Amino acid sequence: MKTVEPAAAAPSGRDQSRPAARTRSPRPPRRNRDWVHGLLMSAPALTGLIAFVGVPFVYAVVLSFYNVRLGSPLAPTFFGLEQYRRLFTDPDMSGPFLRALLNNLTFAVVVVPVQTGLALALAILLNRKLKAIGVFRSLFFLPVVFPMALVAVIWRLILARSGDGLLNSALHVVSFGNWGAFDWLGDGFTAMASIIVLSIWQGVGFQMVILLAGLQQIPGELYEAAELDRASRWQQFRHVTLPGIRGTLVFVVMLTSLLSFRVFDQVYVLVKGGGLDEEATRTVMYQAVTTAFDQNNIGQASAITVVFFLIVVALTLIQRRAVRTGNED
Amino acid sequence: MNIGSGTSRRTACTALALVLPLAALAACGGGGTTDTSAEQGSGTGTITVWAHQGVKAESTALQNAVKSFNSSQKKVKAKLTLIPDADYTKTITATDASKLPDVMEFDGPTMANFVYNKKLAAIDDYVSSATMANATDAIKAEGEIGGKHYGLGMYDSGLGVYGNKKLLDAAGVKYPKGLSDDWTAAEFTDAVKKLAAKDSDGKSLDLQEANGYASEWGTYGFAPVVWSAGGSLLKNGKAEGVLDAPAVASAMKTFQSWKTYTDPNTDGNAFTKGRVALSWVGHWMYPAYSKALGSDLVVLPLPDFGNGPKTGQGSWAWGIGAGSKNGKAAGAFLDSLLNDTNVTAMTTANGAPPGTRSVLAKSDLYKQGGPLQLFADQLAKPCGDSDITKSCVAVTRPLTAGYPTITAKFGEALASIYGGADPKSALEKATRAIDQDFSDNAGYKIP
Amino acid sequence: MTRTPLRRFLDYAVLSVLAFIFVLPVLYLILGSFKPSDQVLNGLTGFLPTHLSLANYTAVLDSFNSDATGYFWRFMGVSLLLATVVVLGGMIVNSMAAYGLARLRWKGQRAVFALVLLLMLVPFEAVAVPLFYMFNDQRNTIYIQAVPFIANAFSIYQFATFFRAIPPSIEEAARIDGAGPWRTFFAIIVPMSRPVFASVAILTFLTQWGSFLWPVLMVSDPSVRPLPLEISVFQGQMPVDWGQVLAFGVLLVLPVLIVFAFFQRWFVQGVASSAVKG
């Protein structure tokens, strides 16, 4: 089994291919040509990736060893590991950075399961053969279409801390005047929760659509057979549904995890213009961008992104290993 | 490293950048020109002009000014580009000096940074002496570095506390009539509390929270608290000792205590709709406030925290790009922009104190006895950016190339103090960050 | 699984309630865009269809009506052009790469694919500044806003995941018929991969449409500026006119909604006729 393959949706298909391949004869000449074709097919994308991602990232790593300022006439001075040292030991820089890491972790740990779970629940609900499924699906998908910055603006109005804010006045009415204005964004406790809620709101529709497609591929006969076996709905879910969408589920979880590492837009918009508690919600990408563009400190920002990249790689490898061992059950 | 000029240099730079990032940075980064004086040029032709797009009335007034310049003479044609306000400074920072326009607007406090990055040229040779002499002292001081001028503003700024006379009188609050009987911080806090007691939601003060303290508003609006407490954002290239002074921390604590009485004012209408009696904001709200309150509007100075009343100064200004090849034409445009008609139109549109003596003298708003006389009085006592005595009032934000860091860190501290953090440690954090940044950059000395 | 009428009703009810809660913020956006600013932020009455007018929309369009400010429809056009180029280019280039790396078997395939996955983890913010230094000479062009984003490691990953799930028997059949990898890919694999193409297209379009950081760094000329940047104009007003901000938001999202509606049908068809069953 190749180490870098993601869990496929139909492992059974691949296993069947092995015996089939062995019984066929004219293989060798094609394999040689495959090399050329493979390279040719992937060449444009590879060139693009190397030129626009690979090389710049190496450049960023180099920059992280220097003290570089955006647009400064001073020549960059060699800093060695100073940027990294500061990042981890200087109380003023490591504090925010480590807090940002913690915030990212909190965000991921909450959003990935909750958003996926919610998406799965919605997908299951929609999988009933109801009329107007398209309408419902579109409604749940609607927030996905909004750029995150716009989502942040809308929620800023909803969560405004005055009594006129939508949420506050709704609570006021529902509680017959007992609950008044609350500072959702500014309060350290609810700030991250607010970010989480609006991020889930924006993202769950996309996952739901993918999971729904996965669900619709499970043959109905499997469910009928399970019913004949007098399996309860929960058992059907565990033994028919979950295995059936395993691949899709894994894909969706990986996608959400990856995106949760990059949280930036909503935090930036709401801190700058919505009174969001910066300490409780700063994410690593937020730190990197503000360091680079609000303080013009390119060297420090590069160090932040390099460290973060290494952490994300480590986490992804761990995640893959966990998925693989799960696969081999 | 001197690779030549123009396109060949640029191709070499791109190639270099792809191969040897840092060598490229050293050779090609920073300014495209080696000195900060624009070429004189012929005085004719097309010139490019950049400005920020924010308040609609200002953009309209500016576009009219450009139109009238173009139609009034045939030698120079000005082509205007407007860039969204929030990204404007970032855009200039990201643009190489050789690609900057002939004439460009910039936010006053960012000037030193642009001079340091060789993006602005001295304007003394290109702007007529009449224009220069007509600029107010405060405007000239804002635009001067090392004896040369790099910018002139059409308007200055005024900051104070607007009050609703009806509500103030109803609560029996005594308020100052001018700078001489300014209220102390304690009196101000008392007034806020008294007004809040009579207010239906207990919030009697507006601090323009919705603009975000982590933005330039935070620094502009509340550095006067620091100055009035005897401190400063920077002194002799260091924030230590002046930003984290005990008096400043205690002043910030008072500021923090106002939050309970402050209306979040997300919709911006707290003062005009009478939800609050006091509004701590600048001249730009005057048009809306006077329309809503009429004769019930009073303009009061900011509270005195011990070192005398202090207020902000400075706003957008105009300069000549360092890469300009037509300094003479750019200067002619600036002369036209700063003439009485345009300055009057602009300041009527945004309610700002005019930046030229002739218009200031004629101004209905800012003359003695006019509604905004306070702002004029404040600007008539400028402190400059470093010598903040008890008697001067209008303080210019620090004229240093490291200003972006100062405003970022101060705004951050302000926002966290407002959110409940301990003022002393928040200020100390900001101080350390600012000093660290300055030492990394050799004090941002302008060569 | 038969569902009694009561069950059906419950299903509809639950779904409707959920959908309604979900859609509330969108309703707020749309309603608010037709209201003056002080009615938008007026508690629950922000939801009542009162004080409706097109004033905000006229104001928004009016803010962009000269050479100096740029023209609204031009911003929109630039955004559409950039998104189309990135999406179409990406679909071709990335799907080919995914097939070449994940399906064809050759030496070095594993290593290269691993490299692609590694690059997928590099966030754009990390390379934004180096890219800015590298390409600063080509600012204010359309191509510099599009080309760096055509090759996309995440798209390759999505395609690869999907292609891997296609039974090899299909390719075996093609080979028996004498088709080489290219023909197999274009004539057979692509038509049966509608769902992933639709999914990648939507995701890429949405990402590109909302792209903000790169244009801010590279573009000052209004004639090649994309639309999202202009929201800053409304956020710079003092005080902010929320009605106009929301109107801008609606205009910003409208084309995306239309594009999505179009792709959704494709997506649905693809799923319904999908040959990719286990």
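Lettered A, B and C in written order, each chain numbered from 1.
One rule holds for everything that comes next: a contact is a pair of C-beta atoms (placed from the backbone, for glycine too) under 8 Å apart; a residue touches a chain by one contact, two chains touch by 3 or more.
Predicted model, so just to flag it, every value in this text is computed and none were measured.
For subunit C, the chain with the farthest CA centroid is B.
The interface carrying the most C-beta pairs in contact is the one between chains A-C. Subunit A and subunit C have centres, each the mean of its CA atoms, that are 15 Å apart.
Note: centroid distance subunit B to subunit C, computed from Cα atoms, is 38 Å. Of all residues in subunit C, those that touch two or more other chains are 40-42, 130, 133-134, 231, 235, 242. Residues of subunit A in contact with at least two other chains: 55, 59, 63, 70, 157, 160, 162-165, 273. Within subunit B, contacts with two or more other chains are made by residues 18, 21, 25, 29, 90, 94, 210-211, 265-267.
The touching residues of subunit A, when paired with subunit C in their complex, are 2-6, 8-10, 12-14, 16-17, 20-21, 24, 30-31, 33-35, 37-42, 44-49, 52-57, 59-60, 63, 70, 122, 125-126, 128, 130, 134, 136, 138-151, 153-155, 157-158, 160, 162-166, 168-170, 172-173, 201, 206, 209-210, 213, 216-217, 219, 223-224, 227, 244, 247, 251, 258, 261-262, 264-265, 273, 285, 288-289, 292, 298, 301-302, 305-306, 308-309, 312-313, 316.
Taken together, the subunit C residues at the contact with subunit A in this complex read 1, 3, 8, 11-12, 14-15, 18-19, 22-23, 25-26, 28-29, 32, 40-44, 46-47, 93-94, 96-97, 99-102, 104-110, 112-114, 116-131, 133-134, 147-154, 156-158, 160-161, 164-169, 172, 175, 180-182, 185, 195, 199, 202-203, 206, 209-210, 212-213, 228, 231, 235, 242, 245-246, 249, 252-253, 256-257, 260-261, 264, 267-268, 271, 274, 276-278. Subunit A makes touch with subunit B in their complex at residues 55, 59, 62-63, 66-76, 90, 92, 157, 160-165, 181, 183, 186, 188, 271-275, 277-279, 290, 293-297. On the subunit C side of its complex with subunit B, the touching residues are 37-38, 40-42, 59, 63, 66-70, 130, 132-137, 139, 216-218, 220-222, 229-233, 235-240, 242. Residues 18, 21-22, 25-26, 29-31, 90, 93-94, 116-119, 201, 209-215, 263-267, 404-405, 408, 412, 415-416, 419-421, 429, 432-433, 436-437, 440-442, 447 of subunit B are the ones touching subunit A in the complex.
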